[in-house]
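Scrolling down, you'll hit the structures one after another.
The same chain A turns up in both complexes below, where it pairs with chain B and then with chain C.
This part shows the complex of A and B:
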């Protein structure tokens, strides 16, 4: 992104010239108002990329409306007959939109991303370790229940209970973000991560893969 | 991903799987997790009156590298003093198991687990610095 801005010769703060006709444009403009040509994508966070306010309780309908609306005007399919530069720029836009949509549509990733934006990244999200005893004792107990589950019915019951727990935690995360209680949000998101892992392992077992269950 | 022979050996024949009594005064328990991959690892040591680790057990839910790392550490720490065990570095674990860069964090988890177990034991024996009088 920053390279695009260098190449496009961004000068005054928030402004850059159109790469084609040199008309002065806002860095956020996806198209030139003078010649209509597509511009390089701006360096934006995932919420701004989709014209959304950064919030956890994001209505799916809003997210989809923005994503599909923007893809309709920026997707490479619309640029099939254009120059290679315009095709490349449209691909950059489409990729950035996909990435933003992919992060924001999943509550777990959306929450973690929001914490990052607020300058309070999740403990251990970067591969580091945590030693929250209560949380890990819970996680260990859940995984033991899965390992000890005798048959498919028991595994399915475990999945149902994990999903109910996840729904309750999501509601708590919404509350924590609403009150700007980022420490609680971070802890709840970590619990959600462990629940998601349990559910994935349990589903793999039902599907017959049975991987990763050990000791 | 291709696992090294040492990882596969520890994964297929994990050493010292099990649990020690957490409330036992001679037992130190380390419980650590790597949220990024949803791994959770418990490593326990049983320490003799002379301050030697005489038994070690682990229970790990995670990938092959995490299981192999914890299995290897339980093997290594047996017969060692707490200071010796506490000086094990994740780089030694990673080297022994030939872990690829994306799996280095599994060895970090094992190092953190043994350190946490030692700290837990020492917290139970504040006066004698690891030795029972």
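This part shows the complex of A and C:
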């Protein structure tokens, strides 16, 4: 837990005045306790933003409960009749909540983000070089299978096997993070990233190659 | 008070009853073919109807050099005789430029002004030059007037629905139209989301739902998760240029081909094209319920007959329906879902009445679609619910997404995506770009919307230039471009040079939108045309007054009809009917005359009620209780 606090930089519990009534508030207060007005969002990491401890094995139910609960009180729809300042602040809050939720709900992005928080950002998938021999061999084999796949059934089978691989890797990543083995977590996340990319390509092919996409 | 049926004001003398509780806001479905306005109270939405009980207002406007525009049913009637004065399906042109229109060339029964290369297009109608925004504003004014008549109070705020697939330009155009019509837009809500809201709140649905929305001119498919009052859009997609109108076009083309084969060729006038389309539409609607039929076309003074059965009709439209199914599959894939995971499919839009559409949707999802809320009304009802939630509080939460990716042109005409489609809104993303020439001091930022790889294949939203970049070697400058999309789906772009902190923000005004000057000019014209508007206002006032009198009289008759002899009652009822008829038409003098006639017929009744009331009071009923009873009877 102490580690969590260090990561989120929460040690300096600063105060600031309410923009409307000047009452002293914690920087993390979303609303003024005196006048009830919405306050500017604090600079928080995505986990803190959603009142969650930074961990990889994040239960979806917890994430959603926090996200929906906070959006319920902070979303611009709650401020339709309010001043433009309050509207603007609500927009900032809702934007930050959406960004946090978007990153944390996807295991791959959540893992990457967690590495970033711990000071070990993953290399870019497109830019950085991959020195994982096993991954490179596996990737080439799967790419060939996708290229050779004759019908929808074959592509679907490929997707299913990629998803099974991804599930197994996820379990390993959980273990790595639990043991603070960040090097293994990074290596496994790179594999997961690759599998996700391949699955997306395969899915697009099944769906008719982006026919829903037309400007 | 009921007794006020004695007093009848001259129209124009009574101010419109001002909103006592300013909370009221209506929901508006501004459709391609029909538009509706609805109001929700206590989470019970209702479509507001005209005096004749019609909920749908045809999105048709007839223009005349000398008179204010006619909207709706009347304009549709003009369509038959003088189609060149009439604009329909204007929604398809919202936010469009001349270049877009070329893609629809020959399929639009309008005359487009030729010089509109880089501006919003203009239509030539009855000697006027009109933008689609102005035409839409006329439809919105008519809806506003209908709401005011129906509610007997002023209405100035609305939630307006737009197709989920509407791009930034079309959304901005819709907002501008509302502003011209004197409506404050509380929120633009995506049509499928509104439909889901109507269904979800109606039955407390939970789980994954798909909304298949085939309107007159647009197709949308959205997948939502409904859970404990949260409506979370997972993915959305569609086709902004595919709708039921296209079915009409295919039928019309077939009929015209048949004519040609029979030796009846020749060019069609704009008016004849509109008539052919109208006939085709009637045929389409007929084939929704019958297996075949025969229709007549009259072009160039020559009549021809055309048979079409349901198999022939379905063969014509099958490729279009297949396109919607392919899009639906792509959207499901985007959401990472298989069709079987969807718990219910909601049908929206009149075109979903076509049996082939229902069959194909059922086949894709493996279940019969839900259509028990009228597909023509469901969007307006959802919009009204959201309007109530925005004004009166309420616990529902709509979490929507961007329908199209937003990006920037990079070298070689490629697109770098900044915000991907199906990102939850509001959203903000920043991306860094750099200079590609030594000593480069300015950078053109070209904002595009769409999914294609090449700029030319996407929609150009705006261009602006970031100037004053300090000269550096190529690749050294760090230009951070931030895209922010608000809860209405509207985009703001700002750019900052990071090494110096030089910053420029622009609100993206779509290339084909109205600029502020044009908007102001239009608002000014609207004021100069106060004469025309005054006529409309007087008409609204007359209707409001008539409605008030009718309601009061209904209540009085319910309480005291016994004070009238049978022939007296018959006269009053006949004159009430005449007044209702007059209210359905557009002539305020007719309404005033009918009101006066009704006033005369009820004078004795009012006097007798007064006497009766006094006698009752003398019998021991306190006058103040009488007054309060009469008050309670008065529903206005």
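As a working rule, the second predicted complex is superposed on the first by the 191 of 215 C-alpha atoms of A that agree within 3 Å, B and C clash if a C-alpha of one lies under 4 Å from a C-alpha of the other, contacts with A are read in each partner's own complex, and residues count from 1 in each chain.
Everything below uses one rule, namely that a contact is a pair of C-beta atoms (placed from the backbone, for glycine too) under 8 Å apart; a residue touches a chain by one contact, two chains touch by 3 or more.
Please read all numbers here as calculations on a predicted model, not as lab measurements.
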Of the partners chain B and chain C, which touch A:71 in the superposed model: first, second, both, neither?
-> second
What is the contact status of A:175 with respect to chain B (first) and chain C (second): first, second, both, or neither?
-> neither
Which holds for A:121: it touches chain B only (first), chain C only (second), both, or neither?
-> neither
So, does A:204 touch the first partner chain B, the second partner chain C, both, or neither?
-> second
Counting only touches as set out at the top, which of chain B and chain C does A:54 meet: first, second, both, neither?
-> neither
Report for A:190: first if it touches chain B alone, second if chain C alone, otherwise both or neither.
-> first
Using the superposition on chain A described above, determine whether A:24 touches chain B (first), chain C (second), both, or neither.
-> neither
Touching both chain B and chain C, residues of chain A | 212-215
Quick one: which bits of chain C touch chain A in the complex? Just the residue numbers, please.
-> 23, 167, 186-187, 221, 227-228, 230, 237-239, 323, 326-334, 336, 386, 389-391, 395, 397-399, 404, 423-428, 449-452, 457-459, 484, 486-487
Contact residues on chain B for chain A in the complex?
-> 11, 14, 17, 31-38, 40, 42, 58-63, 67, 105, 108-109, 112, 116
Okay, in this complex, where on chain A does chain B touch?
-> 122-133, 135-137, 139-140, 143, 147, 190, 193-194, 196-198, 200-201, 212-215
Which residues of chain A touch chain C in the complex?
-> 68, 71-72, 75-77, 80-81, 91, 94-95, 98-99, 101-102, 203-204, 206-208, 210-215
